[in-house]
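Okay, so chain A shows up in both of these, paired with chain B first and chain C after.
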Partner chain A sequence: MTHAADTQAPLAASRRRFSLSEGQVSVIRHLVLMSFALVVLFPFFWIVSAAFKTQIDLLMGHILFEPNLDGFINVIFDKTSDFLRNFGNSMVIGAVSTFLVLVIATLAAFSLYRLQWPGWVLHSLLGWSVIFHMVPPITLAGAWYSMFRSVGLDNTYSGIILAHTTLHLPMALWMMGVFVRDVPKELVEAAQIDGAKVPRILWHVVLPIVRPGLAATGILTFIFSWNEFPVVLVLSQRQTATVPLGIGKYAQENTIAFTEMAAASTLSILPAFLLLLFAQRFIVRGLTSGAVK
Partner chain B sequence: MADVRLTGLSKSYGKLDVIKDVSLEIHDGEFVVLIGPSGCGKSTLLRMIAGLEGISSGTLEIGGVSMNDVPPRDRGISMVFQSYALYPHMNSADNMSFSLRLAGEEEAQRRSKVDRAADILGLGPYLDRLPRQLSGGQRQRVAMGRAIVRKPEVFLFDEPLSNLDAKLRVKMRAELKELHQKLKTTTIYVTHDQVEAMTLADRIVVLRDGEIEQIGTPLELYDNPANAFVGSFLGSPTMNLLNLEVSSENPSEARFSDGEALWLATPVAPGRATVGIRPECFALQSEAGSGALRAEVVVVEPTGASTELVVRKAGQNITVLSHERLSLKPGDNVWLVPNAERVHAFPDGAAA
Partner chain C sequence: MKSDTFWRHATLWPALVLFALLTILPLLKLLALSFHDVEWVNREAVWEWVGLANYARLPQDNLLRAGALNTLIFAVVAVALQMLIGFILALLTTRVVRGRVFYRTVFILPILVPGIIIGAIWKLMYSYDFGVLNSLLLWLGLAPQDWLGDPDLALLSVIIVDVWHWTPFCFLLLLAGLESLPDDIFEAAKIDGATRWQQLRHITLPLMLPTIAVTFVFRMILAFKVFDEIYLLTGGGPGTSTEVISFTIYRRFFTEDQTGYGAAMSIAVIAVIAAGIIAATRATAGKGAKA
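What follows is the complex of A and B.
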């Protein structure tokens, strides 16, 4: 024992010699956090600042510049620009496909987890949805294009909405599955005894409780649809093109309109940003507290 | 109100039989407690009566009508869950009136029914609160209110008090009993707490491994358990189960290995026997006497009202409950005089 104590004392002393004061630790912590913030925020900063530059300022790499709105004006008001239409298309496609995804995923999750299907039905459906989700969308796009063409759904909102709903359903099913499973079984049973059939159990008991889950899944689905590029690229033409296609179009064969591209990108961030700000209060945990126990 | 009749009720999951051929008749207005260790199938049986679990074979009748294929909502039952299962997004009044709303009753009528139930349960000031703003006991009452409001034929309770702290549990137990005396609705109550069973029940049904071990009034079961399992399950401190030898020449005498004998209430077949005797069925003596068994004190536990002793007799521990103030120390010798009428011999192998 004494021997061990003897060897430990100098060790502790040497550790003390290398130890940092609390102030130093705090400085290092903040440096690390700031560098993370830099990594995340710098691209945004670069794109937003590029949107306010002239093409010359941007290409010359000027750090100091006189901000101007030409990029935005061109994107929004130029007669040749489709950006506003793209924006509208994205809104409609995102909103409708998100709505469909939420309805189907919630019904499916409730059915799978609460209506006592045999285990193999549950597992094969969930397994299949994972595999489907892992397939790169571009491999499906070609097949969808020829299918949609033969039934007249190519270059239509319905076609793209259908494609986006299909693409994002697996993720939503998994997410809603987690939230639906969190609804205590006894609540469903209590509602059964109280006299509710399945539709009313869903409407009066399950939906109010999974509302935060619906908000979170809805936001994610909308953002995925908003950003989706390869499938709309194949399925749409000018009338139904969405925002990512609109941004992509600024890169043309001979020139790349960098400032317009940056301005369009900046504008395209807004809906997701506003959605998150607005919906944050819905994503509150603990709504179920007090239900059981 | 209605009687409930179970005839040869069974439930199996694949090859696993959870409930085996249970037959039971519960009379109109009776308070029946299903009790047993965890995993004995008591909750499953209750859920089968509620309609939350299917019935593999046998019939279930409520009020003389077969309920095997009737959905829970049409069985005329209300259930109080262990977890209360209150709807978290509805206030107490809405929780209680949900079933009435589903049945399409008028707002005013719903209100008056909820008010009446709230009156009975003392919930008046809490009707506007959400479940998360209520204490455990208040949630428990709301869950009971939800059950009362429907005016069911049968109340089902699934361990309703086990989430409450000890003090509140005693209080709610008394309230439950009072409620039953007021409403006189047929009640089936599941618990693993033998004190709850003894205090609440008109009749107790003891279950083990999906089978009924014994049915009877609390005192019948306490005084005349059918086997060692029932004997040791009811009562606290638990019944002493002693491993003794019954000789062939005197079948109403069970001997310890040191040769001293215990008189049995009824004679049994000779051989090894499990003999049950409750801790309060001994008188203590400080000297030897006829029929007194010598034992050595191991532990003395005074609780104020009574003293619990653990004594050792021929290698076996015996718990003795005495209501006298004792001045005994571990190591002292003491003589036990058992009340022969309360000594039960169970056929060996039936021990818990």
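What follows is the complex of A and C.
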């Protein structure tokens, strides 16, 4: 696998020699993709199966085992487990920060691309958001912590929501920028000439066109907020801890509760997995327009 | 449209205020902190001016040096492998029509899962006693490895996780690029008798350059920010063998409470990244203007 040609050439040669039909080539392609997919999926199968094992089955490496729900029960119902609270915190922080990100980014993108700002405003705002996006979040987390402390926002939902909103604003700004540029300039100008104010234009002209973009940006922002770790690590204590913090805790105990860790991990994957199954076209569109451009 | 001036500002200001309060202001705060030593006396922060002393300490910090070096090795090796494997797989599987939605679902899944959980999964799989990798080695008649505890192996183990995590996405981006290449060029090359290698070397690669560059830059940025997986897998250890730059900052700033010094380190990292971006933009600006 050191050279693209090494893997391609034998295939081409063998095709000539045995003259593989298109059908056979397609079978080989599927075999390659299938093996790749199995490698990608295997860790997920493994963690889900570990979640259904008893600690003994897991430690003994039993491949066949009787499914057991203790891991899940401990994670969800045990009094010492914070998992449900973490789950709820992640939901609240994810939902509110996503809403804020969408509102702020859509307004700003519309303003920048359709309301005649001078070029330098556009470029310096986008340039700054690029730099901010590339800097490791941990560099600013310390300053956020001490700023939030001095105004009483440390370890509060508001503080974490503000931080997540800021963190994901650059990405949303580019993505919504791409979608807002789909709104024809003439349409906006015509509405202005008819005397429509900006709120009306946003609601009746822009919103219908960018709605799929909002879905794409919103879903990705929510997932990224759900997954975010370094900033919550710094900003939150037990009451406001999110799912990743909860999982991180398991790994730091002296005796790691492996089955609980596996069960909690399995449950934490569910939201992203469900969104991927039911909203895939939005996720794909978001990833191709925002992450890449 | 005079009345629109109000709305022009009203729509942009929320973003400006948020950026000002939560990126510019913290940056200034970090800058101020970096010239001070901060002591906590009776829950009050006491700042003592130390000038450039914090910055002067940076080059002598062995942890920082290890962190910077490991981050570089991690980013370069992991991203190179992801791009290479992703590109080969994309070449092998272009024009697969059936099952696209299934494959795409599978290949997107890893990047939507929290990094910390990727770390948790692999920590269990790497376990010396019951991890699946050692089971496999034993089954093959090989000696089990202490994947995360062996200083010579730990960084490689972390890189393997990252390659698993991100190769599928690189594959999807590169595949999309390959499939958007125009067919007629390849037809013409075939008629001219170009071998498959010549087609790859002289047509596919040059045409794919923009896609490759975008994927590469996108991945490098994220690789330099790596934190979550390593936090869970090794915590930077054993020793400093998987120490990365985000970790060093976290350790100095929070674990050791060296606020002023941690701030200086943050400022230095931000400055290096900003300089890199500006240099890269300058370098590509000429090309961009032509295109």
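Assume the second predicted complex is superposed on the first by the 254 of 293 C-alpha atoms of A that agree within 3 Å, B and C clash if a C-alpha of one lies under 4 Å from a C-alpha of the other, contacts with A are read in each partner's own complex, and residues count from 1 in each chain.
Operating definition for what follows: a residue touches a chain if its C-beta (ideal position, glycine included) is under 8 Å from a C-beta of that chain, and two chains touch if they have at least 3 such contacts.
Keep in mind the model is a prediction, meaning the values are calculated, not measured.
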For A:A191, decide between first (touching chain B), second (touching chain C), both and neither. first
Which holds for A:P208: it touches chain B only (first), chain C only (second), both, or neither? first
In this superposed model, does chain C or chain B come into contact with more residues of chain A? C
Which partner chains sit in contact with A:P199 here, chain B, chain C, both or neither? Use first/second/both/neither. second
Of the two partner chains, chain B (first) and chain C (second), which one does A:A108 touch, if any: first, second, both, or neither? second
Shared chain A surface residues [contacts with chain B and with chain C]: 192, 197, 287-288, 291-292
Touch list for chain B against partner chain A, complex: 50-52, 71-73, 77-79, 81, 83-89, 98-99, 102-103, 130-134, 139, 146, 150, 163
Residue numbers of chain A touching chain B in their complex, please. 184, 186-187, 189-197, 200, 204-205, 208-209, 287-293
Any idea which chain C residues touch chain A in the complex? 1, 3-4, 7-8, 10-12, 14-16, 18-19, 22-23, 25-27, 29-30, 33, 45, 84-85, 87-89, 91-93, 95-96, 98-99, 101-110, 112-117, 119-125, 127, 129-130, 132, 135, 164, 168, 171, 173, 176, 196-197, 200, 214-215, 218, 221, 224-225, 227-228, 231-232, 245-246, 249-250, 253-254, 259, 262-263, 266, 269-270, 273-274, 277
Using the touch definition up top, name the residues of chain A that touch chain C in the complex. 1, 4-5, 7-9, 11-12, 26, 29-30, 32-33, 36-37, 39-41, 43-44, 46-47, 50, 58-61, 103-105, 107-108, 110-112, 115-117, 121, 125, 128-140, 142-144, 146-147, 162-163, 165-166, 169, 173, 192, 197-199, 223, 226-227, 229-230, 233-234, 243-244, 247-248, 250-251, 258, 261-262, 265, 268-269, 272-273, 275-277, 280, 283-284, 287-288, 291-292
